[in-house]
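First chain written, first letter: the chains are A, B, C and D, and each begins at residue 1.
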Amino acid sequence: MAGMETLHFAFDGGRVLAPFAPALVGVVASGNLEVLVEPAVGSGCRVDIDTSARGFGPIWEAVLRDFHQRHGLAGLSVSIHDMGATPAVVSLRLDQAIAAIGGAQP
Amino acid sequence: MDWPSVANRLFGQDHAIVADGDFLCGTASFEGATIAVVGTTNHAAVGVDLALRQARAILAVVAESPGRPLLLLVDTQGQKLRRRDELLGIHRAMAHLGCCLDLARRQGHPVIGLVYDQALSGGFITSGLMADACHALPEAEIRVMRVPAMARVTKLPEALLESLSLTNPVFAPGVANYVAMGGVRSLWDGDLAAGLRAALADRDTADRRAREGAQRGGRRVADDVMRRVLEA
Amino acid sequence: MSTVADSPWTRQRSNRSARLARAALVNGVRAKTVSADAVVALLEALIEPGDRVCLEGDNQKQADFLARALTQVSRERVHDLHMVQSVLSLPEHLDVFELGIASKLDFSFSGPQALRLAQLLGEGKLQIGAIHTYLELFGRYFIDLTPKVSLIAAQAADAQGNLYTGPNTEDTPAIVEATAFKSGIVIAQVDTIVDKLPRVDIPGDWVDFVVRAPEPAFIEPLFTRDPAQISEIQVLMAMMAIKGIYAEYGVQSLNHGIGFDTAAIELLLPTYGERLGLKGKICRHWALNPHPALIPAIEAGWVESIHSFGSELGMEDYIRARPDVFFTGPDGSLRSNRAFCQAAGHYACDLFIGSTLQMDTLGNSSTATLGRIAGFGGAPNMGADARGRRHASDAWLKAGREARDGLPGVRGTPRGQKLVVQIVETFREHMQPAFVETLDAWKLAEQARMPLPPIMIYGDDVTHVLTEEGIANLLLCRDDVEREQAIRGVAGFTPVGQARDRAMVDKLRARGVIRRPVDLGIDPRDATRNLLAARSMRDLVRASGGLYQPPRRFRNW
Amino acid sequence: MNASFAEMSARERLAAVVDAGTFHEWLPPSERVMSPHLAQLGVPAAFDDGVAIGRATLSGRIVFVAAQEGEFMGGGVGEVHGAKLVGLLRRALRDRPDAVVLLAESGGVRLHEANAGLIAVSEVMRALLDVRAAGIATVMLVVGANGCFGGMGIVARCADSVVMSDIARHAMSGPEVIESANGAGEFDSRDRALVWRTTGGKHRWLSGDCDALVDDDPAAFRTAAIAALSVHRPMTLAALQRESTLLQWRTDLAGDGADAFEFWTRLGVADARAVPDLDADAVRALRPAAVAPLANGGT
């Protein structure tokens, strides 16, 4: 039960964002997460996750794939610290983070 | 060690320290100088009354005996866990006590803390930890919380905390851990008078705990973080 | 008299007379009034082995003193009772089985005692007749489960035995009516005995004995939801409910579940609902307990009437000051009535919305979990189409049209349908999926040897499934395959949701069977707690002009 | 309805209190100055270790600011969290801004890093007193629903000014801790009305332990923080002697076992029972003259 799980995902392709300052949304708290979005070199989107809830890798992958499909962004790195947030909350924070760096679709 | 033994080892018969309940107060003569002693005993639970009493004693020293060294004898089980104390602003009383110790330091009183028995969480913050430097006897106990209680509150496995405490001084009770982290400057082992002598001789009152924690390897990042803020 | 006693047609009445004669000999019994310390002896004199006994345990109000007394009777004299009561709430409700005083149980809801009930059943300490809905159990009080002795609770009595129940009338009229008019015996515990009652809720000649309890009857504030605990996701789902269902159908009359998700809807009416111009067009009439979360909507003029199953602690003064909205007596306080309100919720409401723990791909939902026997309470009556309904309303007609449009023969006969909405987040806390391929209810049925799996709301009654991912309108599904994909299509990232047929889900979305927030013109990022008309208990008190006085455990200021 | 200050995150609070857009963060999340201990415990760290620090202007004056995130580990002070606060205060001593404003929400020592947290709290306390002694205004805004407890409760009261809302709490031990040590008869933690009248903002105001009582509203906190920029309470022997006398008087007045209602009545509050239902505005007017010297403006 104890112990964190670390997950990494990478998605290729998408629209490369104009330069932006890193943004942080959310808080590391029970059922919540923080998302840090930073510029990254390359044409993909990299996601690194530390989560206190083990064993949900496939769900993370599905949630992030959906996120990448919705926004289609490249050239950014997303770092997540999670304390058991549900996919609904994860998706919401990801959307908020993209809005915070001005990357939301018009 | 009980406080009369500590007093005896430090001052011989040459002291007038009196215990009134859990409260210790008095003066002692040390190598020709008079030292003011304020402290607690019986594993005192420090509530509003005891905090104010210590504060008053310290203010009296500042008012009446400029420059006289202050020795804080620490034996506390922590703050008193009563509704009355919360109602009466125990945090305020403790802050007041801390401010009085801070005043004494600024007015030129050497302020030396000695944990001679036990020092737990809240009761320790405004006594030994507010001294110029805090020292301890090797057999003293310093902690926030025992490992089983910590496991319960943090909902972490006790075995994990036990095993981590072997390598990381952050987790487990123990005087040695506090020395390694810089919270306790030295252990007074055997010759207590030598410890007091050395403490009185050290007149640098800057808070060196983070640096010492880094040097001793018990608290590796705090000092660096402080420096980085200054340079940011 | 003797001829009457001997008649084969009046045995029940004779038996009643014999019991009353025994009771009259008990020390401390003076006419109808019984001293508290004589109650155990009274029960021993009145109750016979094998009696059907109703120990008033309502959703909120508990005859706790009489419950304690019943656990103290001699089991030599009183045993094998058949308990019939709507709610098992107090430990004493099960102690009587543990002690061998009672052996059989018919009930509706046992949430607080669900675990122990399952254990006692497993140990063979009791036999369950059936688990009912409230209306169903009340119905059986008048058919085949009529109580011989009823132990009830009221706020006050007078010397004649007239009872004043105060705002928590709840089940009392149904219980007393069934008992008193079938030669049964009614014993009431009251908080006080007064010369003149504020109003009469139960006439004195239906009541045999009155005892003043040492402590006021226990009442639990079950319907108070602290707005501080409503999440952003719940706000989002509430926006979807208002815009995608309430507005769409023009829902005028409704019942809400007790969760935070429905509290969020109540708190969004005066803000988001107002912005959509819906005031006066939806949510005018309610079958609902006096939820504190409804105060802002009431104050903003949204609500015309509320009839209640029971009351809610702290709402007394507010209700008293709003008699145009609530049902109140001449004394000013609320008159609740669970039986009538259940009937009203079933027949007179256009919509029910509530939550569940699990839903399968057929839309069946259940709150049953392994190792616990909790029952259903009122949800199955609220959450079921009222097949006997004949009066029309726009919402009811539209739902009926959607369900029947294009169907041949008898299935296409025009009629209306009740909107039954299940509102669930796809994952509950600790990442428990709300959507499952098979309900735990099936395993529980096997485990507890139930004749049927304990399904709370049947899939064929559910009209809409609302999750943070979207709304599935099951009325528009034309077969079980569509239905299944519509449910999978809003089941998010749960395994059930990930197993969707994507092409078919896209088609259902194109047809409007599935609607995403964006299809409704809702941006999830707008779903913040700032939309709530009250974000704290304090805000509710303020909204009530200081009339709402929440219980102490809800006051953080 | 106004936004709730208590419901905001630490960063949102900071942005709402200082002049718009002026917050410049030191060691921001992207620098990943995080706890080195939590990972070993299987607990996710936070990019800022639960506290944001930096400089800003407040009503045009230069202030150093910090905000603790009460949702992350209850705002508990760990090694890095504490060091960031100490660094900020030492930098204030060096750079001499007009004030240091700290938005405090903390359960005290972070138990996951217990020993480091305990030492860190006392380092923060000494650093804060250094800043105060240097004549730089020190201001504590006690904001969140979690309150300010333990070591941070003590530290907060070492500032020149403490601003509280009526839904904030400022105390030492949490009611749950007291209840588990001495029973619900001593302190029933589920009786929230009792908890708040024992440790909440109104009580601290009426008994002289906070210097400003405001509504749970960002603008109100900002206004109070601006007013506090000019408040200096030098810690002289005379001032501490006066405080000592007043605290002892107040303690004696309460006697043993008094409830807040009884205590307020003895302090001179006319209708003590009415206090919990009053708004901050109304309560502000009720502070007895006798306790005013315990707070700002009285001495």
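Note that a contact is a pair of C-beta atoms (placed from the backbone, for glycine too) under 8 Å apart; a residue touches a chain by one contact, two chains touch by 3 or more.
Only a predicted model underlies this, so the values are computations on that prediction, with no experimental measurement involved.
Annotation of chain A and chain B: jointly contacted by D, touch as defined at the top. When every chain is reduced to the mean of its C-alpha atoms, the one closest to the centre of the whole protein set is D.
Inter-chain spacing, taken between the CA centroids of chain A and chain D, is 34 Å. Averaging Cα coordinates per chain places chain B and chain C 59 Å apart.
In terms of their C-alpha centroids, the spacing between chain C and chain D amounts to 44 Å. Inter-chain spacing, taken between the CA centroids of chain B and chain D, is 24 Å.
Multi-chain contact residues of chain A (touching two or more other chains) are listed as 2.
Residues of chain D found to touch two or more other chains are 41-43. For chain C, no residue reaches two or more other chains under the stated contact definition. Against chain C, the residues of chain A that register as touching in their complex are 31, 53, 56, 59, 62-63, 66, 84, 86-89, 91-92, 95-96, 99.
Residue ranges on chain A touching chain D, taken from their complex, read 2-4, 22, 24, 27-29, 32, 34, 36, 38, 50-52, 79, 81-83.
Here chain D touches chain A in the complex through residues 9, 11, 28-30, 39, 41-48, 69, 71-73, going by the rule given at the top.
Across the complex, chain C is touched by residues 1, 3-4, 7, 145, 166-167, 190-196, 200, 202, 276-277 of chain D. Contact residues on chain C toward chain A in their complex (touch as defined above): 231-233, 236, 425-431, 468-469, 492-493, 498, 524-525, 527.
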